[in-house]
Amino acid sequence: MTASVASGPPVLSVQKLRVRAGKRILLDDVDLEFERTSLTAVIGPSGCGKTTFVRSLNRMTEMTPGLKVTGRVDYLGQNIYDPAVDPVLVRRRIGMVFQRPTVFPMSVFENAAFGLRLIREEENEIDRAVTEALQRAGLWDEVKDDLNRSALGLSGGQQQRLCIARALAVQPKVLLMDEPCSALDPAATQRVEATMDRLKQEIVIVLVTHNVGQAARVSDRVAFLHSGRLVEVGVTADILERPREKLTEQFITGRFG
Amino acid sequence: MVTATEGSYVPPPPGAELLRATSLSLRWRVSFDRAIGYLLPLLYLVALLPIAWIVYWVSVHALVTLNWSALTDTSPLDTHSLAVPIISTFYVMLLATVIAVVFGLFGGIATAEFLSERVAGWVRTSANLLAGTPSVVVGYFGYFAFVLYFGWGLNVISGSFTLAFFMLPYLFRTVDLAYTSVPRSIREAAYGQGSRPFQYLLRIATPIAFPQVLNGVFLAMAIGVGETAPLWLTLEQSALVPTGLFQPASFLTGQIFEDYTSGPGTPGIALAFEAAFILLVVVISLNIIVRIISARFRKRVEGLFQ
Amino acid sequence: MPGVDEDHSREMGLLKQHVGEMTELALGMVSDGTRALLHGDSELAHSVGSRDAALDRYDLNIELETIRLVAVMQPEGPDLRTTEAILKIANCVDRIGRLGYDLSRYLSSTPGTTDADVAEMVREMDERSRAMVTAAMDAFLSGDVARAKAVFPMDDAVDALHRKAQARLIELLRQGGPESDRRAFLLLGARHLERVADNACKIAEKAVYAITGERRTEYLPRRSPPAPRPPA
C-alpha cells in the first residue's frame, strides 16, 4: 500500500488478524492498512468473513460469545485489543452502521444526540453537533422542520441516514458500514451512496457490500475476501477492470457467489 | 362460439374450477367443515362456563349482605366488616410486591444482560422450579425460615417475605423476557455507539422493557393476592390493622378459609362470600389493567421489532 | 445463478460471432474492391457498393446489442474489457469495409490496364493486409495472445510494399501519359490498403487488451516515414 501523505501512523492498520469460532477459522491472517481519508469496499461471497472482519475493527466481535481474536488492529498506532484499552472508547472513535436501520424509539434529535449524551456533552454543544451531524449525513433538510418527531416515523432510507448521523455526531475518524443499503430501495440507496461519497473525503470508511456496482460507484479501493482470506486488494478501477487473481475475477463476473 | 345443438355436451369454462363442490363426497366434507365451525365457538362457551358460574354464584351471595359499612368499619369488635382484612391485605401485598420486584428486577436484568449463558440457564431453571412449587410448600418454607429460624414470628414481615418468594418467579421471568426481547439490533447499535452497560440499560433497554415489566408486576400481584397457604402458615390473624412490621394481620383469603365452614345465614359465611367477591373484583381488575398495558405497549413499539 | 450466467455467456458468444461475420463481409469488400480497382470492373464495384448497407446494419446491431449487455449484465473484469474491445473492433471493421468500398469506386468509370509490377504490389498488399485482419480477428475470438501479437510485425512488410508502390507510381506519374489518371487513383488505393493493415493492428491491440488487460503501446508499429521526395 502507498504510504499516507500526511505524517503520523495510519488511521487504521490491521496486522495478522485472525478470528476463530471454536475450531472454525473465520478470518485467516488479514493484513490491511487504511489511508487517512478513503473508502475501502470489502467484497466477497456470502460467508467469506466480511461482516466478521468489519466487526473486529471496533471490537464488536466481543458481543458474540465464543469468538477469539488474535493479531493487531491499530488505531492511530494503538492496538485496540490491548488489555489496557477500553472497548467502549474504541467504539466511540470507530463508529458503525448496520445492515438494517437501528433507530431507537425516540425523537430524531434524541437519536442523533445519543452518542453525545453518553459522553456527557453540554446542551448547546449537543445542539450544534446534532445539526452538523444531520447535515453531514444528508438528512438535515428533510428533518429540520421537526426534530422532535419520532424516528420510527421516518422512511427506511431516512432512518439509515439517521443512524449515520448518530455515528457521526461523536466525530469518529473511522466509520464501519455493514451493507447499509441492502434493506433500502434504489432511490434511498442512491442518497446513502451520495452521503458516503461526500464523507469519504473527511474520514475513513470501510464499506461491506455484496453489490459490486456499489463498490464501483463509491469506493477508492476494493478488498476481496474469500473463505476468510484477503485474496486481493487494489484501486477500484484496477480490480474491476483487471483483477489479478482468478478467484477475484470469478466473483466479480458473477461466475459464482 | 359453440352453438349447442340438442343433446351435445358443452364443457364448462376453465374458471369453473372455483365453484363450490357439487359431488356428494365433497359436499359431505364441506358440511362437516361447517359443522365444526359452529361447534368450536360452542366449546368456547363451555370453557367460559365455570368462571361465569363462580362469578355469578359469589356475586349473588355476596351482594346480598355487602354494604358500605361492611367495607369500612374498622372497630375490632365488629364481625360484619371486612375493612380490617382489606387494609391488612393491602399492606401485606404492597410489601410483598416491593420485595418481589426488588429481587425480580435485579435477578431478571442480571440474567438477561450479565450472566453467561450457562449460569443464566441454571438461574432460569431454578426460577421455573420455584414457580412450580406448591404454595403450601412455599408457606411451609417461609414458616421455618422466617418465623422460626430468623425468629421473626407470625407477622407481616414473615408473611410478606413468604408471599414475595411465591410471586418472585413470575416477576423474574417477566423481567428476564422483557430485557432479552429488546431487539438485538437495537442492543448492538447502542453498544456499537459506545454505551456502557449501565447507560444502555438506563437509556435504551428499560424504556423499551418497562411496559412488559409493569405487566409482570400486575400479573404477580393478581397471583399473590389470591394465595392462601403462604400467608396462612406465616401470618397470625388479627382483628386489628397492623401498625408495624412485626405485628399480626388478617387477610382476605384467610378470611374465606376461616369462615367457609360456617353454616348458611351466619355472619361468617357472609364475610366469606364478601371476601371472595372482593378478591374476584381485584383479580379481574388487575387482569384488565394488564391487557390495557399490553395493548398500549404493542402500539408504542410498532415498527421496532422487524 | 447458472441460468442467467449461461445466457450472458451465450449472448457474448453470439456478439463475437456477429463481429466475425461483419469482418468476413468487410474483407470481402476489400478484396473485391481491390480487384475492381485493378481491372476497372464496374459490375464488381456495384456489388461492393450494395454490401455497404449490410455493413451498416451489422455495425448498428452490434452497438445496440453491446449497450444492452452493458445495462443488463453490468460486466466487470474480462467481460468488461471484452465489451469495450468489441465496440472498438466493430468500429475498425466498419472502417475496413469502407476502405474496400472506396477502393471499388475509384476506377469503376476509368477503364484501362494497370502496369504489371504495380498490380503485383497492390495485389500483395491486399492479400497481406487481409491476412492480418483475419489473424487479429481469430486471435480475438479464440483468446490467443501470441497470435494477436504476431500481427504487429506483419505491418512492416505492408509498409515496405506501400513505400515501393508509392515510389514506383510517382516515378510513372512523372512520365505523364494517358494512364496518369489511373496511376493517381492507384496511389490513393495503395494508401487505403495500408490503412487496412493499420486497422488490423488496432484490432490486434484490442484483442491483447481484452485477453490480458494490457494497454501498453510499445509494440504498436511506428508510423512509416514519408517516401523521400525526389529533388525537383
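Per-chain numbering from 1; labels A, B and C assigned in written order.
Heads up, the rule we're going with is that a contact is a pair of C-beta atoms (placed from the backbone, for glycine too) under 8 Å apart; a residue touches a chain by one contact, two chains touch by 3 or more.
Just so you know, these numbers come straight off a predicted model, no measurement behind them.
Visitor: Most C-beta contact pairs, which chains?
Guide: A-B
Visitor: Return the chain label for which the distance between chain Cα mean and whole-protein Cα mean is smallest.
Guide: It is chain A that sits nearest the middle.
Visitor: Sort the other chains by how far their Cα centres are from that of subunit A and give me the top one.
Guide: For subunit A, the chain whose C-alpha mean is farthest off is C.
Visitor: If you average the CA atoms of subunit B and of subunit C, how far apart do the two points sit, in angstrom?
Guide: 90
Visitor: Find the geometric centre of each of subunit A and subunit B from their Cα atoms only, then give the gap between the two centres in Å, rounded to an integer.
Guide: Here the centre of subunit B sits 46 Å away from the centre of subunit A.
Visitor: Mind checking the centre-to-centre distance between subunit A and subunit C? Centres are C-alpha means, answer in whole Å.
Guide: The mean C-alpha positions of subunit A and subunit C differ by 51 Å.
Visitor: Name the residues of subunit C that each touch 2 or more other chains.
Guide: Residue numbers touching two or more other chains: none in subunit C.
Visitor: Show me the residue ranges of subunit B that touch subunit A in the complex, using the header's touch definition.
Guide: Touch residues, subunit B against subunit A: 116-117, 185-186, 188-196, 199, 203-204, 207-208, 300-304, 306.
Visitor: Spell out the part of subunit A that touches subunit C in their complex, as residue ranges.
Guide: So the residues of subunit A touching subunit C come out as 212-213, 216, 240-243, 248-249, 252-255.
Visitor: Spell out the part of subunit C that touches subunit A in their complex, as residue ranges.
Guide: Subunit C reaches subunit A through residues 4-5, 74-81, 213.
Visitor: In the complex, go through subunit A and note every residue touching subunit B.
Guide: Interface residues on subunit A, with respect to subunit B: 58, 60, 63, 65, 88-89, 91-92, 95-96, 98, 100, 102, 104-105, 114-115, 117-119, 152, 163, 166-167, 170.
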